[in-house]
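Next come two complexes, and both contain chain A; in the first it sits with chain B, in the second with chain C.
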Partner chain A sequence: MNQVDLQRRSFLKASAGAAAIAIAPGMMLYQVANGQTAGASSKVRWGMLIDTTQCKTGCNECVTACNRENGLSGKTGPTDSQWIRKIEIKDISSGRELSLPMMCQHCEHPPCVDVCPTNASFKRADGIVLVDKHRCIGCRYCMMACPYKARSFVHEPLHDQNPDVPRGKGTVESCTLCVHRVDEGRLPACAEACPNQAILFGDLNDPDSEIARKVRSVASVQIRADLQLNPGVRYQGM
Partner chain B sequence: MRQLRDQSAVLRTCGSLAGFLKTLSVLIVAWFALSVFSPAQATETSPKLDIGKGGECVKDPQWMRKNHMHLLKHQRDETVRKGIREESASLKNCIECHASTKDDSVIAREDSFCVGCHRYEAVKPDCFECHSGTRKSAWLRQRDGK
Partner chain C sequence: MAMNSPFQLLRSHLYYGLLAAGGLLVLMALYSVHLMESQGHVITGMNNQIVWGLPHVFAIFLIITASGVLNVSSIGSVFNKPAYKARAPLAGLLSIAMLAGGLTVLMLDLGRPDRIIVAATNINPTSVFAWNVVLYSGMFAAVAVYLWTMMEKRMAPWSKPAGFMVFVWRFLLTTGTGVIFSFLVARQAYGTAILPPMFIVMSFAWGMAVFHVVQSSIYAWNNKSLDEYVQHRMKNLMGVFVMASLYFVAVYHLTNAYFARQIEFERFILLEGDPYAMLFWLGYIVLGNVLPLLLIFHPALGKSRCVLAASLLIVAGAFALLYVFIIGGQAFPLSIFPGYEVSSTFADGAIAQYQPSLPEMLLGIGGIGIAFIITAIGIRVLDFVPQEIQKSAAAAE
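On to the complex of A and B.
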C-alpha cells in the first residue's frame, strides 16, 4: 500500500514538473507572438549613480544626447524645455569645484505626484516618475512642488516629435529616464552618450547589478536627502 | 350580435393584413432598388483614403472604423501608466502600416489615412497635437538628414 502511495506521489510530482516545463515556454511564446511586454515590474527600481569625479566641466554630451533623443530644442530660455542640465558647484571655503548633470531624480515619494490634481503625475511600478499627458491640464503645480526644478512646461506648439516621445503644448514634461528605451532593454540616451561613463544606469533592487554593487561599496549621496524623498538618482564624490 | 361583431373584427384584421403585405412588398422593392443603385452614389461621396501598406492585423475594416478609438484609448493608458507596450493596438504601430507610402504620414494630406475619414465625419482627433503622424524610419531619416 505504501509503495503504491509513493509511486502515485512521485508520478504527480513528475507530471507537475513536466506540465510546468511544457506550459512556461508556451506562455512566453504566446507573449512574444502577440508583441506583449509584461509591463513595468515593481520588483525593479531603476536608478542612476552619477560619478561626479568623472564628470568634466564644460562637457555637455549628456544634455546634447537628451535633446536629440527627446526632440528638445536645446535652448535654455525661460520658456524652453530642459530635461537635463549641467550645473557647476563650488565649495566656497575650500574652493573645490564640481560639475554634474541634474535632472528628474525619480523619487520614491515624489512631491510632484502628491500635488497633482488630476493624477497625471505618477510613479510607474519600476520607480520611473512620469507625466501622463493625456491627463495633464498644465496647471504646473508639480513644477512648484519639485525641489530639483526638474520639470518644464511646453509653451509653444510642437511639430515633428520623435514617434517614441510624444510631447505637446500645454503639458508639463521632464526626464522620463528614456522610458521608451528602457522598455526595449536599452540605456537612457545620456548614460549611453557620456564619454567618461560617469552615468551608471541600472536596477537598484537587483543585488547583483553593477549599480547596486557600486552603491553598496562606494560612498554616494542623494541630493536634498533631508527631504526623505529617496531619489533613484545618486551622486558619488560630492 | 356578438358573432357578427367577431366576424367584422376578423374581416378588419384581414384587411389590415393585406395592407401590411402590400406595404411590405413596396418596401422590399424599394430596398432592392436602393441596394442596386446606391453603391454608385456612395463611392462618389465617401472619402477615398491612402491606406498605405494597409492589411488586416486587428479586426476587419468595418469593426475598426467603428471601434479603433476605444482600442487606442485603452492601450494608451496601459502603455503610459503600466508600461505594457502591446504592439497590435499601439498608435505607433498603426502608423507604421497605414502611413502613406508616398510621404510616410497619416496626417499630411487631405486623403491621408486619418485625415480623410475624420474630415468627412467632422471629428477632430487630438492625437497628433503631441504624437507624431510619421513613420519612425522616415522620422529618423529626416532627423539624421538635418
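On to the complex of A and C.
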C-alpha cells in the first residue's frame, strides 16, 4: 500500500515538473508579447502644433515624407490615399492667405470611433486614433463621419508595403501619427521633414514639454473647434 | 378555370422565364461583386469624396421600402381594417424580400464583405451601424413570426400582438436608417433630427407604391380586378403619404435655406448642382410628386391604370430623391474652414465628381432581383395572394 502511494507521489511530481517545463516558455513569450503593448499610456497625449506662419505655399515636404514613410504611392487621383495634404486657404473677407497641412486630427472624441460598427476605429490610451486593419470591414461610415476628411479608402490592390505600416485593400486608413516611430521615441515623418520646423510634435499632457509650453504661451486654434471634439492637432497663426 | 385557386392560373412558362430573368440579374450582380473584390472599388465610380454611391441608393431604397410595405399589414392588424388584413401576408413577404435585397447590396458593397462575421461578432455599442445589425435581423424574425401567426390557424390569436410588434419594430428600423445620416455631425446635408421622421414618412409613401405595383401585377396575372372600394381607399392613402413626405422634404430644405451657413449648400442641391438640381426638380418634384398626385386625385383620373402609373412614378421619384440626398450630399464640399476659400489635391472646397459605373449599377439592380425572386417564389409556393373572399367575409363580421 505504502509502496503504491510513493509511486503515485513520484508520478505526480514528475508530471508537475514536465507540465511546468512545457508551459514555461509559453508564459515567457506571453509576457514578452504583453510587454510590447505597454507603450501606450493614458498619461501621455500625443499632439502637434502647426505654425501656419512658417508653412510655405508650394512646399510639400511633409506630404512627400509621409508617403515615403508609409508606403503610399503619392498619386493624387480621386481614389488614391492621402494621409496628409497641403490646403491653401484664403479668408473670404480679408483676403489673407495661408498654407497648412491637414491630416487626422487625433480627436479626444473621434466621430470615426463612435460610428465604427466593429470597433476597428479606435483611440489608443495616448490619444492616437488608428484603424485595426484586421477588423475594418470597409463600410466607410468613418469617412462620412470625419469632419476633416482625413481618411482614405484603399481602392486597389497594394504592392511593396512598408512592413511597419500594414495596409489593406478594401479597408480605410489615415494618418497614424507615425505610431511605429513614436513608439520608438522618434518623431513623425512629417514633423522631421518640415524644413521650417512648422510642425511641433510632443506630449500635450507633460507641462514641461516644448509643445505644452508653446500651446500655453502662443495663440493657437483647433479646426472646427465648434464641434468640441478636442483634436490633438492645433494650428498657430490662423 | 377555378377563380378561387389563383396558383393554377399562373402561366407556367412566363413564370419560369421571369424567374430566370431575376436570377440573371442576381448573377450579374454577383459577377460585379467578384470584379469589385478582385480589382477593388476603383472599378466603381466611388472615390475618397463620394464614399457611398449607387449601391447605397438601391440598398437604402429597398430597406426603407421594406418597412413601408408593412403599412398594409399594420393597418390591417393594428387598426383592424379587414380590407388591409387580407393583404397583410403579401405585405410581410414583400418586406422580407426587399430587406433581403437591400441588405445583400449593402453587405456586398463593403470593402471586405468576407469579414461579415467580424461585423456580427464585434458590436460597437455607440455605432448606429451596429444597432442596425440588430434591428435588421430582428425585423426578419419579427415579420417571420407575424407571417406564421397569420398563416397557421392555431397561431391566429397571436396575430394581433405579432402585428403590433412588427408595427413598433418597423418604426425603430426606419429610425435607425435615418439616424445613420442624422449622426453625421459635420456634413451640411445630414446631421439633423428631421431625417428619421422624414425617412419614416417616405417609407409609407414608397411602400404603398411598391405594394401597389406588386398587387396590380398579381391581379393582372390572375385576370382578377381589384375591388374598386379597396383601390379607392389605398390610392387615397398613398396620395396622403406622398404629400406628407413632400412636406418633410420641404421643411428640411426650408430650414437649411434659412441658415446663412447652409445657403451655399441649398443653392448647390436645388439650383446649380449638376445633375442634382435637375434630378430634384424634374425627378422628385415633377415625376415623383406632381404627376402621381394628379393621377391619384384628379376627378377624371384615379382609375387602376392611373394608380399603377402613379405608383411607378413615385418609385422613380424615390430613386431621384435618394440619389440627390446621398450622392449630392457628399458631392458638396465639406466645410472644414468656414469663412475661407480652400483648395487642395484632395478636392477640398471643390464639388466632388461621381460617375456611376456598370458594376455598381448591376450590384444595385441585383438587390431588386433578389427581392423579385423571393416574392415570386413566395407567392408560388405559399398562400400570399390577397383573397378577396376572405376580405368580404371579414368585412361582414
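Remarks
Criterion: the second predicted complex is superposed on the first by the 201 of 238 C-alpha atoms of A that agree within 3 Å, B and C clash if a C-alpha of one lies under 4 Å from a C-alpha of the other, contacts with A are read in each partner's own complex, and residues count from 1 in each chain.
Operating definition for what follows: a contact is a pair of C-beta atoms (placed from the backbone, for glycine too) under 8 Å apart; a residue touches a chain by one contact, two chains touch by 3 or more.
The shown structure was predicted, so the numbers you read here are calculated from the model rather than taken from an experiment.
In the overlay built on the shared chain, the residue A:164 is in contact with chain B alone; chain C does not reach it.
In the superposition on chain A, contact is made by A:40 with chain B only, not with chain C. In the superposed pair of complexes, A:214 makes contact with neither chain B nor chain C. Contacts of A:130 after superposition on the shared chain: chain B is touched, whereas chain C is not. Of the two partner chains, chain C is the only one that A:116 touches; chain B does not reach it.
Of the two partner chains, chain B is the only one that A:179 touches; chain C does not reach it.
Shared interface residues of chain A (contacting chain B in one complex, chain C in the other): 157, 168-169, 171. The touching residues of chain B, when paired with chain A in their complex, are 76-78, 80-88, 92, 95, 129-132, 134-136, 139, 142-143. By the touch criterion given at the top, residues 76, 78-82, 85-93, 102, 111, 113-120, 135-141, 143-149, 151-157, 168-172, 223-224, 227 of chain A touch chain C in their complex.
Remark: chain A residues 34-40, 68, 122, 124-126, 130, 132-134, 157-158, 160-164, 166-169, 171, 179, 183 touch chain B in the complex.
If you check the complex, the residues on chain C that touch chain A are 37, 39-42, 47-49, 51-52, 110-113, 115-116, 118-119, 122-124, 126-130, 133, 180, 183-187, 330, 334, 336-337, 339-348, 352-353.
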